[in-house]
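This report refers to the structure that appears directly beneath it.
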Amino acid sequence: MEFELSDRCQELRERLLQFMDEHVYPAEAIYREQLLGSGRPHFHPPVMEELKQRAQDLGLWNLFLPHPDADAGAPGLSNVDYAPLAEIMGRSHIAPEACNCAAPDTGNMEVLTVFGSPDQKERWLRPLLDGEIRSAFAMTEPAVASSDATNVEMRIEREGDEYVLNGRKWWTSGAMRERCRILIVMGKTDPDGPAYRQQSMVLVPRDTPGVQIVRNLPVFGYVDPEGHAEIVFDDVRVPAANLIGNEGDGFLISQARLGPGRIHHCMRAIGAAERALELMCARASARVTFGQPVAARSNVQDWIAESRIEIEMARLLTMKTAWLMDTVGNKHARTEIAAIKVAAPNVALRVVDRAIQVHGGGGVSDDFPLAMMYAHLRTLRLADGPDEIHRRSIARHELRRAAPAPAEARV
Amino acid sequence: MEFELSDRCQELRERLLQFMDEHVYPAEAIYREQLLGSGRPHFHPPVMEELKQRAQDLGLWNLFLPHPDADAGAPGLSNVDYAPLAEIMGRSHIAPEACNCAAPDTGNMEVLTVFGSPDQKERWLRPLLDGEIRSAFAMTEPAVASSDATNVEMRIEREGDEYVLNGRKWWTSGAMRERCRILIVMGKTDPDGPAYRQQSMVLVPRDTPGVQIVRNLPVFGYVDPEGHAEIVFDDVRVPAANLIGNEGDGFLISQARLGPGRIHHCMRAIGAAERALELMCARASARVTFGQPVAARSNVQDWIAESRIEIEMARLLTMKTAWLMDTVGNKHARTEIAAIKVAAPNVALRVVDRAIQVHGGGGVSDDFPLAMMYAHLRTLRLADGPDEIHRRSIARHELRRAAPAPAEARV
Amino acid sequence: MEFELSDRCQELRERLLQFMDEHVYPAEAIYREQLLGSGRPHFHPPVMEELKQRAQDLGLWNLFLPHPDADAGAPGLSNVDYAPLAEIMGRSHIAPEACNCAAPDTGNMEVLTVFGSPDQKERWLRPLLDGEIRSAFAMTEPAVASSDATNVEMRIEREGDEYVLNGRKWWTSGAMRERCRILIVMGKTDPDGPAYRQQSMVLVPRDTPGVQIVRNLPVFGYVDPEGHAEIVFDDVRVPAANLIGNEGDGFLISQARLGPGRIHHCMRAIGAAERALELMCARASARVTFGQPVAARSNVQDWIAESRIEIEMARLLTMKTAWLMDTVGNKHARTEIAAIKVAAPNVALRVVDRAIQVHGGGGVSDDFPLAMMYAHLRTLRLADGPDEIHRRSIARHELRRAAPAPAEARV
Amino acid sequence: MEFELSDRCQELRERLLQFMDEHVYPAEAIYREQLLGSGRPHFHPPVMEELKQRAQDLGLWNLFLPHPDADAGAPGLSNVDYAPLAEIMGRSHIAPEACNCAAPDTGNMEVLTVFGSPDQKERWLRPLLDGEIRSAFAMTEPAVASSDATNVEMRIEREGDEYVLNGRKWWTSGAMRERCRILIVMGKTDPDGPAYRQQSMVLVPRDTPGVQIVRNLPVFGYVDPEGHAEIVFDDVRVPAANLIGNEGDGFLISQARLGPGRIHHCMRAIGAAERALELMCARASARVTFGQPVAARSNVQDWIAESRIEIEMARLLTMKTAWLMDTVGNKHARTEIAAIKVAAPNVALRVVDRAIQVHGGGGVSDDFPLAMMYAHLRTLRLADGPDEIHRRSIARHELRRAAPAPAEARV
């Protein structure tokens, strides 16, 4: 075993850390002011364009894209090399977009890279890679358990050279953004086919007639700039050429999309936890109660130590999972992917909650990014299937490996 | 021991439950619509006035007030008799105001009842008891640990027949309401006096020149209708007659105010937990995944059972504390008051978090009251001193009781 | 509600506390020496007979028996009045036997009092009440889940005027004692009858031919003086008159036996937790590390405070359950009985574990009673059905009460 | 990063796994029978000599020794290569001795290898490496907190060409073994010197006059075969040549001894946890309650999944720590060593406790190795300093790294 980061990763990491210090952190307050000042919750603050330009100049652009693409400025990093960078971006809620590494665009760009037709790439992938537009991914539905893809009720029917979509989606993250232009929509083209060949994905421009954004879903009171839309698709018609891959490929594509996305989410969660731990230490050192800095109290020291231990463990498990995906492939890393999906958000939530407690009233308000982090991290225990689904699949895997009670049990 | 509720309490409880079912729950959505429709976050929705009128008609008004007051419609209940009613009101965020039993008015009304001059009672207590105005309590300060009253930095200086206030407060709950008219402000009249005689409380009309509301503090992403204000007091002048009690009584009054307030907060937290548990059961019964209602899963059953057990235990401890306050007084119930301050919010947070998990995406949005409950309950682990302060005082009490290691220890 | 103990309970409580201080605690070391000195793990140390005599003289005898019995010295206490006394006895592992209030004799005596024939009472109940012999209860079987009485495989067949028993039991607590004379054995007389009428109970003298004690089961390495026997019944014949009640009454009797037994177990667990907390405080005060008593550390203070809070809550829930059993009967207190069966041992384990941690190496050895307490308490999470069974029944009860998702849910 | 085991490690791992399956597990019951049959708790069961011979033949001998030693059969593995083998040995309480990799001999052999004189090596190291004798390490003292080496009270005084030892030690593990011949004793040669130069270590043959073994300390109820001795040293005289290194080197040597020891302990703890998880899965699959295998219950599935996740994370953290020790040295891996000292035993305790719960009564008895594992693992949270000491040092390290609250905190 070898726990050193590669030289390439190490070099990018340092460049990115410097970018964070010099540009991203100072821009957080400006971003917020411009957002609030606009009076529009899904406004695109101009400071973001400055950050994006800077990231492009520094070669910190499209780092997530696994295949090198000179036009897109993408170095083509492995999961193991990208993961530590995703962690750093996770420290600030504006960093991923600044580097064009924000969900759900990353997953969408990957889908289009791998499964898109030349025309689809030209029309949608190119501007996404260039950071000119944004996108959304419409999969989850309010009426059914989203953790089970076979439950999808959205209908996609072929009529002539068009597909007609009817159904309702929610938690379509990113769809509220003013710059969002395109949705990838999962639905059923063949509801009577084999369970995992019923689904297809199609590209739906957001301004297509019949796409009705019903409302935005807040998260613990927050109206996230990207938004989480509830959308009704009412006889929405798109050209047949908007199908991604072939009819029936929907489930397969969704699976391919998930693996790297989970690494990204988990590493960003760990980055958020690291920042929360930093804030906790700083606050505990600065705050004096009963004649003693809070940092001198052994209960707070226990929280700090537990946070450090848990973060280290969650990071290592995520890195090992990234390495497995690079070496044996997403499919054979399934159990590990499920494990980090459970472990990382839970660890991060515990760390952030302790940090909130150390910050007192400031911790639950927006004087610090902690409450917002907590709200966002809490959704990760539900998105793409709740913890319970992933624990269940880990347990089933474990039980299959287990032999019947061995004779040696009676010692 | 005897665990039956008194006939009087039982009768009021049934009446209140019926009021909740018939009027309060149905009004929740209307309240929200009127609030959102107004475009003003601290607007007073008209439906609240209807609820208040109904509560008065039903004799469900000022139930919190420990001394009977015919004019105020207050039956004068003991803590033990009021606590189960506070629990029921805690089930809905609009119920306490509907019954004129909402913080911080309750504490303020009690302070004025016990310590107010006849003129103060006439001018402020009467309209508060009648539900015509609202009030706020300005105690916590951003620069110092609010858990230690001796830290207060607000200055209250006597000049002629006036008091002049200078300082900064935050988390002044209720001050943002459009109907808020009066603040009770804690500050130091004698910063060099004995530690617990430095503080005084004065009444400050909210429209007094020099009272500058700097901003509202959100809780997680919620802008609570009552608001949590950060306020600068800049040479604020009030008549000397606005002093509550005598100079130096501030700490004493704040202590007297705290005890019942904690019972109320804890019982409302338990009420919120009960509602969350109800919602969890209903959702688990209605939701089917992998061919089975979620309620049939043993992990969810464990959550339901643990929630039931923890709620029962927290309620009993709170009720015992209420009984102690009624029988031996707040001072001798100090340790128990500290215990429920820790136990009830933590229990409620665990229950609500489990309920959120069962609700999936709906749980973190505002389709259900769960995320809002969670955010509010999380503040209770910080308000009036964080958990750690209360655990510390419980431990010190316990350690004082403990003798040195007894000889019998070596068995 | 009223949380005062009755005068009668209060008076007995003080007498019992004095007995503990003056006689029981000082006898713990003697008991142990006599036991070890004998070289026989199930030896009856003579000091126990002295304690028993003293308890009888002081009127602290057979306190558990719900019906007054002058001959037996039993005052006939309600569950609410007995529970606080059981708690005190739980502080020392030798106290229950000293007061003739030790399991499983208590349950057996109660069964014989209620269901025994005059002859059975004369022959077995009398010497048990007099503390002359001990007994055991043979219910659990190694091959089947003991939490489900319908699983019992032991056969009890009528042949002429005898019953013939065949089967295997384990965890028959008390059967290893040298003074144990009689077993109450649960088995099936009618395996094809209705599910809850198949079982019967019979009295089996321990020296009956065919009763083969296979081995004693240790608990975390401890060979408990009472012993937990694995017993094979091989064509064991007893007179038909040894049947308790009627054929088919077994399940019914076992249910009646369980309720009060659980109160006793839980209150003793709480007593053990109280003693562990006392030891923890004493040790933390006496031990100095890094120039400071351990008791001054805030993490240890948190443990002490959490222990105090959890003990108080578990005690109140147990007392409420005792009160319910006294007022509405065991059957209607079923859910609460299940709740304390889960809550009390888990609380006590947490408290004892914290106390062990504060005691360092002494805590895991037998310099203090903590490791032994832990081992014993750990079995309570399994005996009479594991936690999971009880949580399941609480959840099912809760789910039955829950209506479908109410309309008001969407606020 | 690279998570593959080296070829050398992989090859030894497979050989060791085969040895476990073919020889060690089958010998567990024999070992126990021979031990019990001897009537001597610290007897050396003959089957162990057979296992040792087999291990030597297979090249599975002295694997722990970091420097290759052909005479000793030691391959000279790095920490990273040895750790996975320590894990496997941790699966059975008899495996470490079978491979001559048992504590405290490993640490003692390492100390003698690095710091021993040629004569000390000849006389004590050689027979230890050959598995002919055993040893003990006398460091902890009952009167003082063992986590602080400066507290040691044992006196070692030079008189002529002898050292004279006076003091009391406890938890001297291994000293009760019949084959134990030599103790390494830590004491103070210069109590007035600089804090970390007061201590020295000397070799004391166990049969030296004045070495009085007072008693064995049980762990929970277990009398471990190796024993944990309380020893009084009463004017114990050894030749001056028995000093290890120089006077004043004691603290330094103890630090050097600790690092690898902790890796070994932690990896063995993880091995124990793995075996407990296997047993849990096997039992859950085999046991049917309420018409369903226990393994089908989602709460048990959650336990299995959490166990898998926690074990993976603790293992990775331990492996990374081993790698750091190999690459940057024990001193720079201090924080990580502290972290695994906390993490691994706590993870293992949780896993074993869940396994006990699934096993019911069998879990707390000795039908399965679970209760014994639990008792042993519980001591690891105390030995070499309790969790709290290690958390404290992690937190202080973290706080030193933290800057004062950064400006960016106010977002």
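Chains here go by letter, A, B, C and D, matching the order in which they are written, and residues are numbered from 1 within each.
Going forward, a residue touches a chain if its C-beta (ideal position, glycine included) is under 8 Å from a C-beta of that chain, and two chains touch if they have at least 3 such contacts.
Everything quoted here is computed from the prediction, not taken from an experiment.
Peer 1: What is the set of chains touching both chain A and chain C?
Peer 2: Output, common partners of chain A and chain C: B, D.
Peer 1: Name whichever of B-D and A-D has more C-beta pairs touching across its two chains.
Peer 2: Greater number of contacting C-beta pairs: A-D.
Peer 1: Specify the angle of rotation obtained when superposing chain B on chain C by their C-alpha atoms, rounded to a multiple of 5 degrees.
Peer 2: 180
Peer 1: Provide the C-alpha centroid distance between chain A and chain D, rounded to the nearest whole angstrom.
Peer 2: 42
Peer 1: As a quick test, compute the distance in whole Å between the mean CA positions of chain C and chain D.
Peer 2: The separation of the two C-alpha centroids amounts to 37 Å.
Peer 1: How many angstrom lie between the centres of chain B and chain D, each centre taken as the mean Cα position?
Peer 2: Computed value for the inter-centroid distance: 53 Å.
Peer 1: Residues of chain C touching 2+ other chains?
Peer 2: Answer for chain C, listing residues that touch two or more other chains: 297-302, 366-367, 388.
Peer 1: Along chain D, where are the residues that touch chain C in the complex?
Peer 2: 140, 142, 145-148, 170-171, 217-223, 228, 287-290, 297, 299-300, 356-357, 360-367, 371-372, 374-375, 378-379, 381-383, 386-388
Peer 1: Of all residues in chain C, which touch chain B in the complex?
Peer 2: 1-6, 25-26, 28-29, 32, 80, 277-279, 281-286, 295, 298, 300-302, 304-306, 308-309, 312-314, 316-317, 319-320, 323-324, 335-336, 339, 342-343, 366-369, 388, 390-392, 394-396, 398-399, 401-406, 408-411
Peer 1: Inside the complex, what are the residues of chain D that reach chain B?
Peer 2: Checking each residue of chain D against chain B gives 297-302.
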